[in-house]
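Next up, some structures in structure tokens.
Shared chain: subunit A. Partners: subunit B in the first complex, subunit C in the second.
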Partner chain A sequence: MKKTDMIVIGGGVSGMISAIAAAKRGKKVTLLRYGLGAFEIGGGLIDIMAHPQDKKVCSTIKHSMDKIGEEHPYRKLGLPAIEEAVQFFLELSKEENFAYEGSTEKLHWVPTAVGTMKPTGLHTKTFNGQILKDADTIYLVDFKGLKDYYAKLTEKNLRKIFGEDKAYKVVTVDPHMEEAVGGRDIMIMDIARWLDTPEGLAECSKQLKHLVKANAAIVFPQVLGTKPDYTVYETLKAELQCELTETLSIPPSAAGMRLSEMLHNCARKYGVKIIENAKVIDSIVEDDVCEAVVVSGVGKEHTYYGEQFVLATGGFYGSGLDVLGVKKINEPIFDLPINFATNTEKWGNLELFSEEKQPFAMAGIQVDSKMHPLNHKGEQILKNVFVVGRNLSGYDFAFEKSGNGVALASAHQVATAVVGVEQNV
Partner chain B sequence: MSDQKINLPDCCIACTACITACPVTAATQEFRGPKLVGPAQSRLQFAENDTEASLDYCSNCKNCEIACPSGVPISTLNMLARAKYYETHSHSQRDEMMGHPEKLAKLITKLPFGAFFANTGMEIGRPMGIIKAMGMADQRPLPKYASETFISMFKNKKQPASDKKIVFFPGCVINYNEPQVGLDFVDVMNKNGYQVLVEEGFVCCGSPLLTTGYLAEAKENAQKNTSLIKKWVDKGYPVLTVCTSCSLMLKQEYQELFEDEIPHMEKNAKHIFDAAEFLEFLYQKGELNENFGEVNHTFIYHAPCHLRAQGIGLPALELLSLVPGVEVTDAGAGCCGISGNYGYKVENYDRSMKIGKNLFDTIKASKVETVLTDCGTCRAQIAHGTNTETMHPISILAKSYKK
Partner chain C sequence: MEKATVIVIGGGATGVGILRDLAMRGVDALLLEMRDLVHGTSSRYHGLLHSGARYAVKDSDAGRECIEENMVLRKIGRHCVEATEGFFVRLPEDDPAYEREWVQACKTINLPAIQIDPAEAWHLEPNLTHRAQSVYRVPDAAIDGFRMAWQNVDSAKKYGGRVKTYTEVVRINSVNGQVISVTVRDFFTKQKYDIECEFVVNAAGPWAGKVAGCADLMVNVQPDRGTLIAFNHRLTNRVINRLHKSSDGDIFVPHGSITILGTTSAAVQSPDDTQPLTSEVEYLLRIGELTFENLRNFRILRAFCGARPLYSADPNAKGRGASRGFIVLDHEYDGLKGFVSICGGKFTTYRMMAEQLTDLVCKKLHNEKTCRTAIEPLVEDISPQVLAKARQYFPNFGVNLAASRLGEDRLKEVIDRMAENPVKSELVCECENVTMAEVEVAAEASTSYTLGDIRRKTRMGMGTCQGAFCTFRGMGMVAQSDLIKDQDTVQEMKDFLQARYKGISPVLWGSTIREVELMRGIYDGVLNLDGEIFDEKN
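Let's look at the complex of A and B:
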């Protein structure tokens, strides 16, 4: 059977990035995906690190490498590899005319839908908390009929953070979505799609011109388009002569859709072969080398042969890790050993917003510096298999705010390793 | 497969991926969206008349299922809910007609010059308002009937005999509307050393019956086809189609809809192939006849949603890239909007065209003269939406082998 250079299992952030990074360097890549990944939940930001130890300390990865455990994927990778990955992503997004900003050394703060502030790493220009600090007047835009966004609440909490000496004003735009009466509630995605259209953008801009004065800061819900470009942002910014920011919001996230499409466009551009609706259920392994993976398929199984394999199946959420009982976790494709990073007997803390990282969240697959899976003795098991993203052990992405950062850095490392392997042969 | 056939609304984790992927949701605010109409409503069906009013908007295009990370058969749940509704409600005359394209075609092709009069009638009927009065969109042409069916033409087709045989499931579009595609398919298989057999007992796969709410009749068709397919599978012959909606129905939807009601479906499905899937598999094994002649032409390829749902990638695109002189790009512009008979209904026409707009714009901007796609109704929609010639990819392979 014909073999491809690299087979990536999973189409979320880590799968897409490893596929793109390898394809960009000339590898033939096939990506097997089942579902759209967590883009619509993830919100389109690349959180790198905010809480290395506890909730009291808020720090970037550059200033906290010594604070995170030895089992943390970032410790395996090392800071230079993380920084290279960040650089790769910033350049990739720039090439796509949807440049992200940010770094490993400075936290960037973005407003949430309820008016609190959240730290992140890499972000689009449309998320910018700084403008709220600098402005004398803050407008909060609401849309008539929009569900799950309460500009009054956003205003109330932003006042607490940015002080009462600024002027705050809620303004409402009417998107004329009469169809929604008796139909579907208007979601943020619907407004974003309205603004994708030239007519919607012109109408919104026209209404806002009557409602806001220039040189202010404007807070939008996450509606500045669903496409990976800055058309909506730049147009409104220029027309209204104001600084703009979006807020984070509940799913489906328009910013997640932008990131998803941007990565999809890159993958197509570099010739990544994407097989949709392909659930990998098994692997064919000879000694310590994987020959192929098996897709359950529609009606029949399909076998994909390759030289290198990347496991990017997304942990518990993406069925990359199956929970079979208390502390019984299974990795269904290669049956890789699961590592519990902590020695605690506790499976989890009862508090949802606990002050400690959750032991269950730290469970995953232990790897070496190239992201090859290891057994409990720390020995390499499969020579041509790599693990990226949430399947890795030793970190709690939700607590740390490090999910997409680990996905990006581990994925980029794998692409580098795969290209290196080939060059050595 | 066995763990994800049907009735899995509780596997929905409400991640909203389906909402972002649904082309109907993007086109209208009147549709409540796949998550609510599919899994959420399935959990909430307590009373018989507890039907979601916007269920009619679902086109069964399957983009929600492609997007779902949890294997929830969202659109199939919708089709089951639609069937349940029609258990206690009667169908319109229009749906009676649109759900039964095979019945209609059989009637027409049996009459002397039936196809000619039917085609002429459709042409005359449009300006006279008859088509619209029947509840069908009169802005687009209805599929034309061929003067001779594929089955009839096949009987006169000479093939080299071979021990390697496959059985062809032509489907309604190929048999009644585009028989040449079926003949091209036979040529391509012959060039690869296969003799093609046609099972005349096959009936419509049942896809139009399902989407129009005739579940009981779809089941009858499934029973007939399944037992015939079993007969050939037992002889060791694979069953191939050139229509991606037929193959999806035969491979997957039968099992989802009629699990435990019809025997042999699961085993059959392992031997049912889309034509390009089969040929690409030969290529992977190094068994494809790669003596392709040059075809100097630039194409855009559109992947039908029902192909993307099959988890086999875009095999036709892979094959086309082997043909010297062929320049082909994947449109990658989403659903064309037709979804079988959906876009032919008068109330769906505008929405259907709105859904397809992104694809139409992509095709128009490319300035190519020919669009390739594996699905018959996609071909009709693209031709209508872009004024561009459309072809089945198998016809390009056939042409290439002849050179």
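Let's look at the complex of A and C:
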């Protein structure tokens, strides 16, 4: 029976960060994953906190620790731990030559494909709403035949925010791609891959040079490459002498795939063993210690033994929590107790875009400051299991815009806790 | 001032049926609908074309009307009807005496109910419970209420019938006991204006009492709320009814790739009260799983509610006790000439109701033309040449669906757009196979004001993703083609998603809640449709 130091279940942001942070501190880590997390949805940004309480009032986590509920994962962690995690991530991205920017004390605004602006925490250089405010001319780039991007919609709503005294121009680049994709729709990822190639990038740049004047702001769909580097961004910026920004849109997100690949590269570098297509279906627990988890495989089951276990399986979307009915939730691997984190009998608000956080979104697993799961009396249940990311209780990622921030901070905390445990021994 | 000889109030099945009948008899008619066509009861039911078997025992007249009209609608509206047939299934908990009475009643009204071996029934419908005691085949069918109404309107327009949506009648004006005009209010501009007329037909379904009130008259229509569940699976190929005294949750109707289970019955104050509740869904599931034991394993798409228009001369009759038959009220007897109401009834008999009402109106107008709505098809079959051409541009699996939903003229227009610009064959709605060209054609129609109107015409957003992808695409596409005037596109998207969420909120579990998590992730988390959109301080 071979025991590894740490087994991480789940390959989304929280799983990858816990694995990397622990491996970086010398732990032997195995990561079991089944799926891609929410990388394709989230747009590669780390939202930390924008709406602690009220949809119409923005605030950063630094200025709102007292406004979020006691059950909130950030309250369990405390501000210093959140800031450490942010620092860890910023350094990590720098190491990977794909530096993220941002902090816990200032919101960064990013344009969306609808033409709304969205507040976030940590971001790549390719997302920058500030340039729209500063520029006199805003170009909106469309690509001929591109599905899921409608420059006129973006323009219409950006005008409302940035005013009519700027010039707004939609310009269209022709990627000559109809034949290459064989008659199917041209997707965001097709354009991003086209721009990955030196020929595509040169062609796009050449066409745009005829269409735009220098010193303007250019709004792109999310197509500035699929790789975790700034080649496409820097090249176009230099060639066109303009400021650039990408827009957030519906899945799949090219920027999310960049973040995924960056974390993957990191994990590999620090020796994390990643087992793909590994669906964990059960755990082997003796008293309050988890010995192993069981993975379903083709025709047989595999058992993975470890010292520490990190449950990073996601929430409802990622199947980390199965909802069987109203307020009936099952955590399928450890059968952990579910905390509903609200006093209300309600399960869902009547409005999708509600003034209040959605009760169902607040449901999840309750943890202590080290991310150990707790029972309803607030007692520790499993002393070598940690819970991170979307399956935690007490927050609403969509309302607050805090999803990846909670994932990052809780995951980083686990690595700190695990190393701390050993040092105490 | 605008003018029409006859004004029909209400754009449900009855209203559009009357418009068509009047137009076919050469009467100058204008239909006024306060929202979009079929936004009310005619789209908020299980889509069952009754054989009449359900009413055979209790109300043989209603049963007889159903079987007659069932046969008519199959012919004139064959593109809206899926001839599935139906089973009546008696379970151990159902009274065997009722079965005997029912068999006799079906014979009396000439309704073919053919008994089959329960084992044969399981063979045909593997999900059906093995506890069935006896099973009968009846000529039930599934019918698409949206399409039926649209095709009635298309047919009426050919004969000169006119339609105004989002136009609410607020007053029926008369001089010396004779109707002279109606005052209407535009839903969007809120402006009021008058339309001159000789005759007003009140076909407002559960809103008929309210409309009668516009002429200071009383019509006793009790809105009766029925809640239904749409499953994202075709769990039966046939309509499945419980063979017992008609009750709640005892009908399953398959429609394309989904199945609808209904209904409940409860008197409500207002027909606008259409928010389904978790308790109603749970109640329906408990009854439904007696017929399909594995019911809870199937994903629920959404729940929805409609209001039956139950008419009663006796204000104390309630629910299923009140008649499902219909009545034509000539308000001349109340002292107002030129005003009639049609109340009660059900979707299956809408054409017959329209015929009787139109007969009365025509008599008063001294128009002697006879009704031809039972013999002339709603729409012509689409020519094989056009269908063949459609296959060159459409995703093949979507051709027939799109063809029947569009009709030949619009189909040709959609094909032309795709031929001219291949990008237009992109799918906006992948669940229901709705192309960009089709959304464009729907958006350009004079009756399209909102994304919801486009949805009802095209089915965009009504499939598995419930708008998670096509809300953005639909809005973007409409903006890209310059089809929006002054709408707030962000609000429009929020309204569209809220209309979807309304039916999802009572069923937040299983795969449905996963979809909501995705929907919120995209539209709240990523696109920030709802938050503050630029806060300089932060």
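Basically, the second predicted complex is superposed on the first by the 422 of 425 C-alpha atoms of A that agree within 3 Å, B and C clash if a C-alpha of one lies under 4 Å from a C-alpha of the other, contacts with A are read in each partner's own complex, and residues count from 1 in each chain.
Methods note: contacts are C-beta pairs under 8 Å (C-beta built on N, C-alpha and C of every residue); 3 or more make two chains touch, one makes a residue touch a chain.
Just so you know, these numbers come straight off a predicted model, no measurement behind them.
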Subunit B and subunit C placed together on subunit A: clash or fit? fit
If you stack the two complexes on chain A, which partner ends up touching A:S59: first (subunit B), second (subunit C), both, or neither?
-> second
In the overlaid three-chain picture, which partner chain does A:L107 touch, first (subunit B) or second (subunit C), both, or neither?
second
For A:A278, decide between first (touching subunit B), second (touching subunit C), both and neither.
first
Here the angle between the directions from the C-alpha centre of subunit A to those of subunit B and subunit C, rounded in steps of 10 degrees, is 90
Quiz item: Just subunit B (first), just subunit C (second), both, or neither: which does A:P251 touch?
Solution: both
| Is A:E40 touching the first partner subunit B, the second partner subunit C, both, or neither of them? | first
Inquiry  = Output check: A:V298 vs subunit B and subunit C. Expected answer is one of first, second, both, neither. What do you get?
reply    = first
A:V171 in the overlay: touching subunit B, subunit C, both, or neither? Say first, second, both or neither.
neither
Subunit A contact check, subunit B vs subunit C, more residues touched by chain C
With chain A overlaid, the minimum CA to CA distance between subunit B and subunit C in angstrom is 5
Dual-contact residues of subunit A, meaning touching subunit B and subunit C, are 38, 41, 251, 317, 319
Residue positions on subunit C within touch of subunit A in the complex are 275, 278, 422-423, 426-427, 469, 472-473, 475-477, 479-480, 482, 484, 489-490, 493-494, 497-498, 500-502, 505-506, 508-510, 513-514, 516-535, 537-538
Within their complex, subunit A touches subunit C through residues 38, 41-43, 47, 50-51, 55-60, 106-107, 109, 112-119, 129, 144-145, 147-153, 156-157, 161, 178, 185, 248-251, 315-317, 319, 322-326, 328, 347-353, 358, 360-361, 397-399, 401, 403
The subunit A residues in contact with subunit B across the complex are 1-2, 34-41, 177, 179-180, 182-184, 186-187, 189-190, 193, 226, 251-252, 257, 268, 273-279, 295-302, 314, 317-319
The residues of subunit B that touch subunit A in their complex are 1, 13, 15-17, 19-21, 25-26, 28-33, 36, 54, 65-71, 248, 250-252, 255, 269-272, 283-286, 308-313, 330, 332
